[in-house]
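Notes for the one structure printed next.
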Amino acid sequence: MQSDAPKAAAPRGSLLTDPKARAWTFQILSILVVVGVGWYLFHNTQQNLANRGITSGFAFLDNSAGFGILQSLIDYTERDSYGRVFVIGLLNTLLVSVLGIFFATVLGFLLGVARLSPNWLINKLATVYIEIFRNIPPLLQIFFWYFAVLRAMPSPRQSYSFGEAVFVNIRGVYLPAPEAAGGLVPFLISLVIVIAAWIGLARWSRRRQEDTGQRFPVLWVSLALLVIVPGMAAMLFGKPFHWSFPELTGFNFVGGWAVIPELVAITFALSIYTAAFIAENVRSGILAVSHGQTEAARSLGLRSGLILRLVVIPQAMRVIIPPLTSQYLNLVKNSSLAAAIGYPDLVSLFAGTVLNQTGQAIETIAITMSVYLAISLSISMLMNWYNKRIALVER
Amino acid sequence: MTTHTFKPSLPPPNMSVGAMGWIRANLFPNWFNSLLTLFALYIVWITIPPILNWAFFSADWIGDNRESCTSGGACWVFIKVRMAQFFYGFYPEELRWRVDLTVLLAIFGAAPLFIKAMPRKLRYGAVFLLAYPVLAYWLLHGGFMGMTLVETSKWGGLMLTLVIAVVGIAGAMPLGILLALGRRSDMPVVRVICVTFIEFWRGVPLITVLFMSSVMLPLFLPEEVNIDKLLRALIAVTLFEAAYVAEVVRGGMQAIPKGQYEAAGAMGLGYWRIMGLVILPQALKLVIPGIVNTFIALFKDTSLVIIIGLFDLFNSIHQATVDPAWLGFATEGYVFAALMFWIFCFGMSRYSMHLERKLDTGHKR
Amino acid sequence: MIRIEGMHKWYGEFHVLKDINLSVRQGERIVLCGPSGSGKSTTIRCINRLEEHQQGKIIVDDVELTSDLKHVEAIRREVGMVFQHFNLFPHLTVLENCTLAPLWVRKIPKREAEEIAMEYLNRVKIPEQANKYPGQLSGGQQQRVAIARALCMKPKIMLFDEPTSALDPEMVKEVLDTMIGLAEDGMTMLCVTHEMGFARTVADRVIFMDKGEIVEEAEPEIFFSNPKSERTKLFLGQILNH
Amino acid sequence: MIRIEGMHKWYGEFHVLKDINLSVRQGERIVLCGPSGSGKSTTIRCINRLEEHQQGKIIVDDVELTSDLKHVEAIRREVGMVFQHFNLFPHLTVLENCTLAPLWVRKIPKREAEEIAMEYLNRVKIPEQANKYPGQLSGGQQQRVAIARALCMKPKIMLFDEPTSALDPEMVKEVLDTMIGLAEDGMTMLCVTHEMGFARTVADRVIFMDKGEIVEEAEPEIFFSNPKSERTKLFLGQILNH
Amino acid sequence: GSTLDAVMKKGFVQCGVSDGLPGFSYTDEKGQFKGIDVDVCRAVAAAVFGDAKKVKFTPLTAKERFTALQSGEVDVLSRNTTWTSSRDSAMGLNFAGVTYYDGQGFLVSKKLGVKSAKELDGAAVCIQAGTTTELNLSDYFRTTGMKYTPISYDKSDETVKALEAGRCDVLTSDQSQLYAQRIKLANPEGYVVLPEVISKEPLGPVVRQGDEEWFDIVRWTLFAMINAEEAGLTAKNVEQEAKASKNPDVRRLLGAEGELGKDLKLPKDWVVQVVKQVGNYGEVFDRNVGAGSELKIARGINALWNKGGLQYAPPVR
């Protein structure tokens, strides 16, 4: 008998007792409630704004800001608009997040592995670290590190100097910054060439391994190329940059790159805090790979480095990724605590100073929240996608 | 036919057991680990003695003003002098017994719930859960039935931290459970509403939420409505936390096999009875550790109310460190704050691990 | 007691049950068998609305099964069901498992519900386990608790979905014995099982399903000794030689 | 091929292996049996250094097993091992499981490694599963993949640690057949198993262990029909009557 | 609705103050709020309820303050807030008057050896975020063509801590605050306030726009305090004078004659209560920031108009 699609539905009950009808009634009611509450709040807000003569709308984004900003990744002067201030805040938040995620991941993996070390002392040290740092509020840690960093550093005049090029003092870490010079173009071209060569080499060596089983020391050769070729370009076509060295003029160092202590403290605190959680995730991820897997790999003659790379980590990653994702999200959200120590992140600059200069609380907070929401959603989407891609195939 | 005589067990060669064996196996099994051990020893050596020295050996404990702190180590006098404020905030001195009593009531009231053999535990628990909040409100806030009123603006310190954390989680539980049910509902509209709600709160930082609740909420409400500042913070924390609780509870519900729903349905139980009598009791038991972890996170997050000017434990301490009379003892303040938070969080995380182990074995049998 | 007329069911595009017609009289004991995936479980799950049928009529105890919740509830009260994997509630004691539905659905006082429960636990021969948790019992004991739990609602009809197939062989007998006892007491039963011995002893009728259809329906003597259809023969050959 | 002389092993204070002496010639097929906890697994795991022995000598293919990594690696290359729980790598396809070690340890070109792998997958009769993941295979198929994986390294000796005891009964045969095939091709094998049928058909020698000692060592006919020791008899009685 | 009605209904004035600025608003160790800004609030409460205690304080950061006022979180914002055009117009606020004429200045460590703000090129400057100070600073350095690094914190306490730690060379704020903040330093003598005043900072209480009634009450409370000082009424003698004074100005002010109270919908004796419970402007100034306080700021331009200052209240008539 060929199956045909269902025709008439079975008889229905009355509106109150039929589950479908009831479900729809309920759903329509809940839509009404949500819309009603939304409208009520909107109405009140409208009324309140009108009553109190508060400006609304997003026109303020074009107004000029008029205040200085401690750190901005793009050019900024006081004449620039609030819109640009928003971008600067967002970039600063992203900077802290990216740095924090990077260091927290590295530190977290190291600690997670240390936590599993057969070496008793290392194991215990890692445990102590994890238990201390994950049980103290991050805000407290941020304050602590900020003032600890400030207290430990000398004034600009007594800076620690490394080869008269790098200076460390309470105002930050000052590094020489490259500035373009005549040989820059050939230099950049040579760099591109080396990188292209690197990729080609890697491809070729993979093919060679597949064909002959021999491995080629790609990394070392490429590193050598990386030094030699641009070096020759520099010699032939002249210096690509001259270095702008930081110099003490007046109160502070001028020139070079400066890494401000606020950034250091917040990155430090967030990395240390989040690493404690990541370490636990890593540990349970590695423990989730059964001992039999390592034994099987060992009995095949694989060395421990290869076992880790080819067998343990790929499997552990599947367990680690989902909790790691939420740690990343937490770190991004916690980066908003930067406001407490004056690091000009999104919350501090935009939901703080701009809000206060313009008085447009609803708009600025709405924008700020949407930005965090968007970051959170995109990180989770990315991670979900990755997670799906690497999921184990089962029956 | 022979009878095989077994050889006696010999003691192991001495390098593999005993103190030496242990040291060899755990500290110096190979050159790489030996290096690590030395490195770790070095770290211990450069960190522990100075810390101990600062915190104990050359610390000042006695006195009641900054002149007592001369030795160069930690000045615990500062903490000692301010201790009452760190615990009670500006709660009137002569009424502090009310706070103590509230805490004691919580401890002794909840204790029977942890006794295995307690009869009628469920009923007792329900009565306690209903009665205690009223009692606690009467004691802490007062203003009726003969208790003098203590404004919430006078609440502070550890007491406020605990109030926020406990009320937050207690409020978040029922809401979180409803959200979890909604997210697993087969009504698409309800599901969408719940998912949106949950994802929204999980996606934004708590400080923006607190900020909104503290200064913007009145903009959304009619002019005559006036809600206490602490209450608004509590509402914000509750909504925020409910989203996290919802996800934890959902995890637990997913672990309940479909057969349980079917068996309950086949017996003629309706949706709410299936959930209330069969599914949630099992799901909640499974997620107790997760809930405790959420509570720990919440407990740490209470420190953020500094942003909206509530004087919780951390803010009280922070405020004390800028008191001109005690300038320069910020480190002591932060260390003390850290210690207080640590004790609570560590204790709870141990408890959650203990539960996890207990539930784990219970599961296997 | 049960009348099914022209019932069809689809899972999405897949036609699982095709034109099922079946009627069960009061006190009748019917065994459903057939190869895996033939729709046996689906059929009996439709009877108490764990699955929804899309065409045809199901009438249980003079009540037609529609999507009206009132009817569904009325029918579920009269129909007890026992599952392959017991589905006892692990957080409740055996006694609580048995009294849950009487208390909340039938609204019987607790004392009385417990007396009834003990009576049925006696009947399935495990009164001494009343205060244990399901996790502490063997599979056979658990299934007997599940039967007692269903009986506590004093159903007019009992449905069994392969009640013994998740059990270790040594426990199968204790459950079958319980079921035989029940049959002897005159309970109306509809039973999905591959225990042909049970079918032979107890059943008034055996129904053979395949590919979502009822292929054959006969008294056990005739069914086993002289099946009409080729497919039934094939199936019986496989199952009895196993 | 393998020579073990006076090997002792302790787990902490516990003396697991006591004075084990054993030698296996090229092409010999040896079955190890004994009650649970008698040290069979430990013995064969010492042979490829999954466990460390503390006293005595183990010499495999003329290389003495010391803590020198070079020696350990050399030996592991020549010794294949099959585990009770297969231990396939779930994140790699069957083919990748089989080519992993040849590629990274033997440094064979990929093409060639794949050819070898397909050859052995043919041998264990599952070439068609090459691109599936282990999770998609049945237990018996997984164990055969595990055997193929070990064979791909072209080992001189194969160790089996109860290769069939985690399998459903209907799958035991397919794995045993594969092992018998291997034995017929002349592979040197050391096999911990309780499949006495297999021991009888294939083994050149059967070794019985108890409490960490070798109690008896004999050809299968003699071992089964006329064991010397009281202990062996008891064990055989138990295992054969089961 | 009307703020006055709402205030009467709830029984207290909700007042937004600073979260810690000696002299203006700060909490003592008992948690009591004190300072000029606080006294203005108490005066409003005394005017409305005849009881200066019927006021609740909400400590606000600079960032939060306007939102809190706009949203109705507080009824009056008395938090050393500068009166500017944009705040008065676009933000929907109304400034009720000036409690303190201030100007922005700089606080530096003596060790730096700086004598004038003109020497501050390249300095790192600590400021409180979200203040006019932040904008003035930027203007000042722009006009003088100097460079600076702004380091802004949410709370004024943190700016002090950062200056102390050496994170910045200079702290900038309203001069009055500089004096207040200086005593928060471990070593106040090591720091000086530079002579330059780079801006006008009239500070005063603020209310929401659109409620003239409430605006008038706050404004006239302040004026009443100034007029009281001018008329020589003090907390001690005001009750006496209310009964005995023959001066028609005083009689009108204290409600013995005329309709001042009724017009403002306040009790007849409201000014008496304000002065009795809080004091006249001079007393409040003196007690909190002037000679009677730790800050010891001179009256300067905050003296009455007839004593060479700017404080000038319209007559009661």
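Chains: A, B, C, D and E, in written order; residue numbering restarts at 1 for each.
By our rule, a contact is a pair of C-beta atoms (placed from the backbone, for glycine too) under 8 Å apart; a residue touches a chain by one contact, two chains touch by 3 or more.
Going by UniProt, the chains are A, B = Amino acid ABC transporter permease; C, D = Glutamine ABC transporter ATP-binding protein.
These figures come from a predicted structure and were not determined experimentally.
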Partner chains that chain A and chain C have in common: B
Superposition of chain C upon chain D: rotation angle, C-alpha, nearest 5 degrees: 165
Distance-maximising chain from chain B - centres being C-alpha averages: D
Chain closest to the middle [Cα centroid of all protein chains]: B
Chain whose Cα centroid lies at the greatest distance from that of chain E: D
Chain centre separation (chain A, chain B; CA means) in Å: 27
Separation of mean Cα positions, chain E and chain B [Å, integer]: 41
Separation of mean Cα positions, chain D and chain C [Å, integer]: 48
Contacts with 2+ other chains: residues of chain B: 211, 215-216, 218-219, 223, 330
Multi-partner residues of chain D (each touching 2 or more other chains): none
Interface hub residues of chain E, defined as touching at least two other chains: 67, 70-72, 161
In contact (per the touch rule at the top): chain pairs: A-B, A-C, A-D, A-E, B-C, B-D, B-E
Parts of chain A lying in touch with chain B, wherever the complex brings them together: 23, 26-28, 30-31, 34, 41, 44-45, 47-49, 51, 117-122, 125, 131-132, 134-141, 143-144, 147-148, 329, 333-334, 336-337, 339-340, 347, 351, 361-362, 365, 368-369, 372-373, 376-377
List of chain D residues in touch with chain A within their complex: 48, 50, 73, 76-77, 79-81, 83, 85, 87-91, 100-101, 103-113, 132-133, 135-137, 146, 149-150, 153
Touching residues (chain side chain B, partner chain C) in the complex: 257, 259-260, 262-270, 273, 277-278, 281-282, 285, 362, 365
Sites on chain A touched by chain D in the complex: 209-215, 290, 292-293, 295-303, 306, 310-311, 314-315, 318, 390, 392-395
Sites on chain D touched by chain B in the complex: 8, 10, 12-15, 18-19, 54-55, 210-211, 213, 215-216, 227-231, 233
